[in-house]
Structure formats: structure tokens, C-alpha cells
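Down below are the structures I want you to see.
Shared between the two complexes below is chain A, which has chain B as its partner in the first and chain C in the second.
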Partner chain A sequence: MKTRVLLLITLFLAVIAVSLFSGPSFINPFALDETKKVILISIRAPRVVVALLMGMALGASGAVLQGILRNPLADPYILGISSGASLTAALGIISGLSFLGTFTVPVLAFAGAIITGGIVGMMGWKRGGLWPERLLLAGVGLSFLFSALLMLMLSVSTNEGLRRATLWIFGDLSMSDWARIPYGLVFVIAGLAVCLTRAKALNALILGDELTHSLGFEPQRERLLLFVSVGLMTAASVSLGGMIGFIGLLVPHIARFFLGSDSRALVPASAILGGALLCIADLIGRSLLPPMELPSGIVTAIIGSPYFLYLLRRKNVLSV
Partner chain B sequence: MRKLTVLIVIIFCLAPLSIHAGETPRRIISLAPNMTEVLFALGLGDRIVGVTNFCDYPEEARHKRKVGGMSNPSLEAVVSLKPDIVVMTTDGNPKEFAERLRSLKIRTYISKERRLRDLPDAVREVGAALGVRDRAEALAGDMEARLRKLDAERTPGPKKKMLFIVWPEPLIAAGPGTVIDDAIAVAGAENVASRAKSEYPKYSIEAILQNPPDLIVIGKGMTNITKLSQGLLDRVKILPAVREKRIYYVSDDLYRLGPRTVRGIEELKAVLER
Partner chain C sequence: MSSASDPMILKLEDVLFSYSRKEPFIEGLSFSVGQGEFIGLLGANGSGKSTILKIGSGILKPAAGELMLWGKPLHSYDNKDRAKLISYLPQTLDVSVPFTVKELVSMGLYPYDIRPVITADDALEMVGLSAKADSHITDLSGGEKRRTFIAMTLLQGAGLLLLDEPLANLDIRYQIELVRLLRNLRESRNISVIMALHDINIAMQFEKVMLIKNGNVLGVGRPEEVLTDDSILKAFDVSVRIMKHPGGRAYISYEENF
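Up next, the complex of A and B:
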């Protein structure tokens, strides 16, 4: 166990270093000219930070949601959060809003995500608590509604900006900028902190509400706390760089193959793996066909899915 | 002998009639914004009975009956307008739609031209199909003359490097194989994005810094592109082109292969000479 954790952390640091110094061209940190300095500090570094934050938020959120919903198919997007965010972002683009400059779209996306999360929470609320099945179904229902509305807008609109915006909706880290990071950072760190400190309660929740109760936790309170922190992390992640699939759903399973189902290890491991995976995917996306960039979301799924399927064949599938 | 004379006379009388019926369609539908512009430039505006939602130029085109989008026109709307011919393009209209029209015995004209060098002949061809050969010849001739003039004025020697931004956030540049790429060459500059492997690549900001353009041209779409570009320009502010304010906003003339294209190249050339 200890060596595996060490291995994971080494991998994580190595990925960060590789992502910073390689790319369309290699940058030697000891021989920087003006241009390379700008590339390293204002273009690559914020991008790596955004990839890490998004990947960590999605990985951890996935692990937590699969736990509180007791469903191996749950992921942060199943709650409709991302489709709500995409919808408000698209509405902002189509109506030409720019009240906050380049912050407009991220802020709208964040607001959309929070509102959607709130609606899902309200729909999932019954008899003084959140119920997993209700949450899941409310999320799926809302998600269909919002995606349909987005598709409707895309198919009737002749707005050129909206069609470009779909690139953002499907995951785009190219506009990562230091100015946007602090806001995302606050929510992701806070969310991660809550999830990590409540990991024991999460372990209990997986076993069922009655056992949770007898283990000394208040199931409804814990579920609400975890749900809110996952919602905030996911909202922050979507607003930083759009939707990245795969990580929230499958990274927790990959972590589970190696470390087992104990949330105390699973949540941080899913966060680290998620961050590392998105970092690598983004590195590949920007290095493969320069000067063209490939969307990170697509690369993530292309490199992640075969590995997941390979593990699925090799290892015993562990339940949530 | 007399029978033969009568026959010849009859044939001569009928011939112009039949040619007339086959060659000049009265009711035209255009499913491509660039072809709509060509048709208006050929003076066929009042014969157009339907266009797509994207056909916004010239102003009159906005007031024509709409038959849907480019990729999803409504077959019912097209048929109900009883067109003599439907003008389409291989660049954006679905092939199946043309087949459906043909199976309904509706004539189609499909434009396959996508590059600048094909433009004058494309105009001649559609003019011939729609019975306005002379006007088409005049328009194509004018284009050719202006393109020849641009060719003649091009000075040999080192070319300025240009980046043509189609959309700033996320950054989309005009890449190889596009009308804009052709236009940059004719205007006498080098397109820094021509090495990309896609027509409209999502362009790497690192690549701009590594291979800095001498000037940046941003195409104005319909949105507030100046405001939208500010974030991008801030991020590449160490570029000489940005520091020395060689950022130019140009019209959307180059976005469609049509009657405005040559004017768009002349605009690019004016920008290069500034």
C-alpha cells in the first residue's frame, strides 16, 4: 500500500514536470529567453494548474458520488450540472453578454452549474433528506432537458460565436489564464478538504443508511454536505475549462482496482489520478499536431478508455 | 423538297422555344450563402424564391423566404416553393438532399468550387446554367482582371507573416486549403497557420509566440469581436505585432467564396501596405 501511494505521488510530480517543459517544443528551464519565459509562465503553467484542478475535482467528485449514490455509473455530470452550465454559457454567448469581459462565460457557466445543482438537490429532497435514487433520476431528467435545449439553440441559431462555443463546451484548456485560477482554486480546495475529512462517513454511507447511523454518523447530514461540496467542485471545474468526460466516471474505478474501496485512500487517489490524466491528455492534445490543438476531453477518453477496458479484463471488478 | 422545307421551318421556329424553357429557370432556391451572393450579383435577385437562414448578404437576401439551415434545409419548404432549380454547394449541403430533390424531379445545380482560383469559372458556370451567360462573363472577367492586377503588383522578396484569426476564444485561425489562405498568398503575405493540418485549426497560443507573425488580422463576424479579442491579445502582448499595434480588424468579405472575395483580398493588401 505504501509503495503504491509513493508511486502515485511520484507519477503525479513527474507528470507536472513533463507537462511544463515539453509540448509543441521542449523548453529548457535553465536557458530561458523572453519568449520561452512567457510561454512557460503565462501559457503552460496556468494550463497545467487548470488541468490539475479540473482533473482533481472531477476524479474526487466521481469517487464521492459513486459512494453517496451507491452506483458505479454515477459521475459528476450525471447530476445535470454540466448540461446546466453549458446551457447558461451558450445563452450568454448567443445574447452577446460581456458584462465581465473574458470572465463572462466562466461566471455564467458557474452560475448555471450551481442553479442546476440546486434544482437537482431540491428534487432529490424528501422527508428531510437527500435520497440517492431521487438525486440520480432528477439529475438524469434535468440533464436530458438541458442538453435538448442546448441542441435546440445550436440547431436554430445562425450565431457564429455559438458554434465556436461548442468547442469550449466539449473541453478547452487553451484559454487558461492565471486570472481565472484563484476562483476555481478556492472551490476545488474547499470541496476536496470536505470530501477528505468526511471520507470515513462516506465509507459508512456506502454500507447503507442504517449502518451509517449505527456507526455514529447522521446519514442525511453527511450526504448533503458531500453533495454540496461535489456540486461546487464540479461547477468550478466546468467553469474553468468546459466539460471533460471520462475522468469523473472511470478514474475512480481505475483507482479502486489498485487501492480498493476505502474512501480514505480512494478519494485522494482518484483526485491525483484525475489530475495527472487530464494533464497528460492536454499535453498530448497540444503536442501531437502542432500548431493545431486537439480538445483535451477527446484525448482523455481515447487514452483512458482502452486502459480502463484492459484493467477490467485483467482485474476482478470491485463494486463501489 | 417542299416537305423538307416545311420541316426545317418548323424546327427553326420551335428551337428557340425549347432552349428558352430549358435554360432560364424562373424560380430559384439557393441553399448556400455564397451562391446566394453570386446570384444577387448576377442580377437574379427577383428570381430567388427561397434561401437559407444563413443567407444574410446582400440585405435583400434577408427578406427572402427561408427554407432552413445549410446542413438541414427543409425538403417540404423547398418543394412547396415550386423551384425550377435549387442551387447547392458541396461545401455544407448534404449530398442526400440533392438526391432527394432529383428523385422528386427537381433540377439542382451543385457548385463544387472551394478555392479562389476556381471562382471566376464557378461564376461563369452557374451563369450559364441560369441563362445569364453575359452578366456572368462580365462579373468573372472583372474578378480575373482584379486578380491579375493583384498578381502583377505583388513584389518579390521576403513576405510578411500574417495570422488570420477567425475566432479569438477559443483561438481558431484560417489554415491551409481555405479561401483566406489563398487570399493571403494573393495579397502577398505568408500565412503562419498554413502548416496546420486542418482548414480551421484550433491554433496553439504557444505556436504564435514561437513563430511570431508580423501582423495579426482578425476577421469581424457579426459579434463584438473587438471586445472578445482583448483577452487573447493580452496573453500574447510580448509579440512585436501587438506591441507595435499591427492588429487589424477586417470585414467578413473573405468568409465566403463569392462576389465579395476579391474585395476582401484588396482589403488584406491595403492592410499589408499600412
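Up next, the complex of A and C:
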């Protein structure tokens, strides 16, 4: 166990270093000139930080949601948060809105995510609490509606915004700069902190509400707290760089193969693996065919899915 | 087993509870549990056994009436403090996540900040699952899963256990061993147990049973007084005969073959 934790942390740090110094061109950290310094500090570093924040938020959110919804197929997007965010972001991009400058799209996406999360929460609310099945179905129903509206918008629009909107939907980290990081950072760190301090309650929630109560927790309060944290983390992630599939759904399962199911290990491990994976995916996306960039969300799924399938076969874990 | 002077751990007085706003499901429910007392809760499906256990453990809140734990209103306790005094085990134990047996049992310590009197390993040994400590809960049989949860409950160390059908899907051997284990715990730690049951023959071996129908108590007391041909007909709507072994122990017999 200890070796595995150390291995995970080493991997995480190595990924950060590699993402910073390699890319379309290699930067030698021991021979920096002015241009390279600028590239490193104003272009690569914020991008790596954004990838880490998004990946960590999604990985941890997935692990938490699979627990509170008691469903191994849940992911942060199943609650409809991403489709709400995509809809408002695409609306902003295609109609060329710029009332907040470069912050317009992130703010629109965040608003879309929060509003959708709020609606899903309201629909999942009954008898003074949130109910997993209601949340799931409300999220799925709303996702379909918003995705249909998004497709409708994309299919009737003809301008240049269409390509940008499409890129954004598949995860676009190319707009990363330092200015938007503090906002994302606040939500992701706060969300992670809540999830980590409530990890015992999360374990209990997996056993059902009655046992959660018997073990000394208030199930509805814990679920609401975790739902809000995950909602804010996911909203922050989507607004930083669009939709990234795979991480929220499958990274928690990969983390589980290595460190087991105890949420106290699983949530941080999913965050670290999610951050590392998105960093690598983004590195590949911007290095493979420069100057063209491949959307990170697509790269994540292309490298992540085969690995997940390999693990599934090799470890023969049928119980998840 | 207990006398009137024993301190009452749990006391329900004139409790009213309803699931819907229209009509009460349970009305005027009163009973108490003394220290070291074992109560078998019997009744047909849907008669309110689980509801009564959930009210007693604080999961469901009564609309009216008094619910006292150690002389203090149950719902005035802090969640963690209450969890040190009462533990509840539901009938369906459904875990989709592959926790290991030991991880799951260790959750019994969540209400505590200090080191326990018994460890997860001790609790596993008590239920005969030491060899499975590192197995995944999702790979266990129904009976092993139940014993794992019982080990968790034991580690939680509460003095009052409310168990909903703990003998369901256990082999006869583990049914007997579980009842024996709980009795031993009564000897050593003076625990009290309320247990929903289906098997009337097992209920015959309890010192106290409570027979319910539609949320009403038909009778409380010694099984040979409470469980009669008539009361069973009333509670379960089936004709049976209570027989006696030459040694004195009562058992149930069906009048016809089925």
C-alpha cells in the first residue's frame, strides 16, 4: 500500500515535470533564455495547472458521485452539469458574446453548470432530502434535453463560432491563462477539502442511508454537502476548459484497482490520477501534430479507454 | 430476565408514526427494553417490524409520543453519541463497491476517536470470518456478507442492537452461532437486542417476544404466553398448532401438509 502511494505521487510529479518541459519543442530547464522563460511561465505552466485542476476535480468528483449515487456507472456528467455548461458556453461562442472579455465563456459555462446542477438537485429533492435514483434520472433527463438543444444550435449555425464551439465541447485547454486559474482553484480546492474530510461519511453512504445513520452520520446532510461540493468542482472544471470525458467515469475504477475502495484513499487517488492523465493527454494533444491541437477530451478517452479495458481483463474485476 | 427496577435503555411511550399524511401506520406504540434483555419481534410481512426497529434506532421520527434512550429523548442525542449506544442493522445489505471485509468491519469504529476495546480482527474472529479478512465483500455469499455486517455492528460496540432479520439467509449453524454469540455478549457486556424474526421456533427460545400486526402490539411477554394458536392465527392469518416437547420446549406444528 505504502509503495503504491509513493509510486502514485512520483508518477504525478514526473507527469507535471514532463508536461512543463516537453511539448511541440523541448525546453531545457537548466538552459533558459528569455523567450523560453516566457513560454514556460505564461503558456505552459498555466496550461499544466488548468489540466491538473480539471483532472483532479473530475477524478475526485467521479469517485464521490459513484459513492453517493450508489452506482459504479455514475460520473460528474451524468448529472447533466456538463450539458448545461456546454449549452450556455456554445451559445456564448456562437453568438459572439464578449461582455466579460476572455472571461465570457468560462462565466457562461459556470452559470450553465450551476443552474443545471440546481435544477437536478431540486428534482432529486423529496421529503427533506436528495434521493440517488431521482438525482440520476433527473440528470439523465436534463442531459438529453440540453444535448438536443445544443445539437440544434450547432446544426443551424454556420459561422466561424461553430468550430470553436465544437472544440470547446471536446475539451479545449488552449485558452488557459493565469487570470482564470484563481477562480477554478478556489472551487476545486474547497471541493476536494470537503470530499476528503467527509470520506468516512462517504464510505458509510455506500452502505445505504440506514447504516449511515447507525454509524453516526446524518445521511441526507452528508449527501447534500457532497453533492454541492461535486457540483461546484465539476462546474469549475467545465468552465476552465470544456468537457473532458472518461476521467470522471473510469479513473475512479482504475484508482480502485490499485488502492482499494476505501474513499479515504480512493478520492485522493482518483484526483491525482485524473490530474496526471489529463496532463498527459493535453501534452499529447498539443505535441502530436503542431501547430494543430487535438482536443484533450478526445485524447483522454483514446489513451484511457484501452488501458482501462486492459485492466478490466487482466485484473478480472467483475464486482465493480 | 429483567425486572421492573432495571434501568430502561430504550422506552417508547404512545408513539405515533405515519408514512403518508392520511393515516397513521403505527399508533399508540409503547414498549421498553431493559439492560440485557433480548426481544424477538414477530409479525407477518408488512406488519411493521422494520418500521418499529427504525423508529427505535432514530432513523424514522415519530409524529407524536415519547422516545427515550437512557432517560433522555433519543432525538436530542448527537449523532456520534447515539451511534455509541445504539446500532441498527437493516435487512437488505446491498453493497456495490468491493470493500474488503476488514475495511467494512472497521467502519464500526466511525463514531469513535479513540482506540477500541476490541479490534476489527477480534470482531471477525467472533463471526468466524478471520480467513476472509482481505476478500472483497462483493465476492461473499449472502450469509458471509451478513456475518461481516454483524462483525461491524459488534465493533461499533453499542449496548443496544436493533437487528432486522439478522438470521435471514444464514445456515442453521450460523443462526444458532449468532444467537449464541449475542447471548455471550450479554454475559460479558450486558448488551440488549431487539431482533425481527420470522422463525417461530427460534422465537420460542427467546425470553421475551413481541407479536405485532398492522403496527399494533398483539402481545409482549414470554413466548409460550404470547405465541399461542390463536394469536398466531390472528397475526399471520394461518392455522398452526403449538406443541410441546417432552422436555418442555414449545415448537410449532402445521395442521395440514402443504
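Convention: the second predicted complex is superposed on the first by the 312 of 320 C-alpha atoms of A that agree within 3 Å, B and C clash if a C-alpha of one lies under 4 Å from a C-alpha of the other, contacts with A are read in each partner's own complex, and residues count from 1 in each chain.
We take it that contacts are C-beta pairs under 8 Å (C-beta built on N, C-alpha and C of every residue); 3 or more make two chains touch, one makes a residue touch a chain.
Remember, it's a predicted structure, so these values are computed and weren't measured experimentally.
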* Asked: For A:Arg223, is the partner it touches chain B (first), chain C (second), both, or none of the two (neither)?
  -> neither
* Asked: Touch check for A:Leu211: first (chain B), second (chain C), both, or neither?
  -> second
* To do: Considering only the touch criterion stated at the top, classify A:Pro295 as touching first (chain B), second (chain C), both, or neither.
  => first
* Any idea whether chain B or chain C touches more of chain A? -> B
* Touch check for A:Leu167: first (chain B), second (chain C), both, or neither? -> first
* To do: Go through the superposed model and pick first if A:Arg70 touches only chain B, second if only chain C, both, or neither.
  => second
* **chain A - residues contacting chain C, complex** => 66-67, 70-72, 200, 203-204, 206-211, 213-218, 256, 260-262, 317, 319-320
* **Residue numbers on chain B that touch chain A, as the complex places them** => 53-54, 56, 69, 72, 167, 169-172, 175, 193, 195-198, 201-207, 209-212, 221-224, 227-228, 230-231, 235, 238
* Structure fact -> Contacts from chain A onto chain B in the complex sit at residues 23-25, 34-35, 38-39, 42-44, 96, 98, 101-102, 155-156, 158-161, 164, 167-168, 172, 174-175, 177, 286, 289-295
* Structure fact -> So, in the complex, the side of chain C touching chain A is made of residues 54, 57-59, 79-84, 86-90, 92-100, 103-104, 107-108, 110-111, 136, 138-139, 149, 156
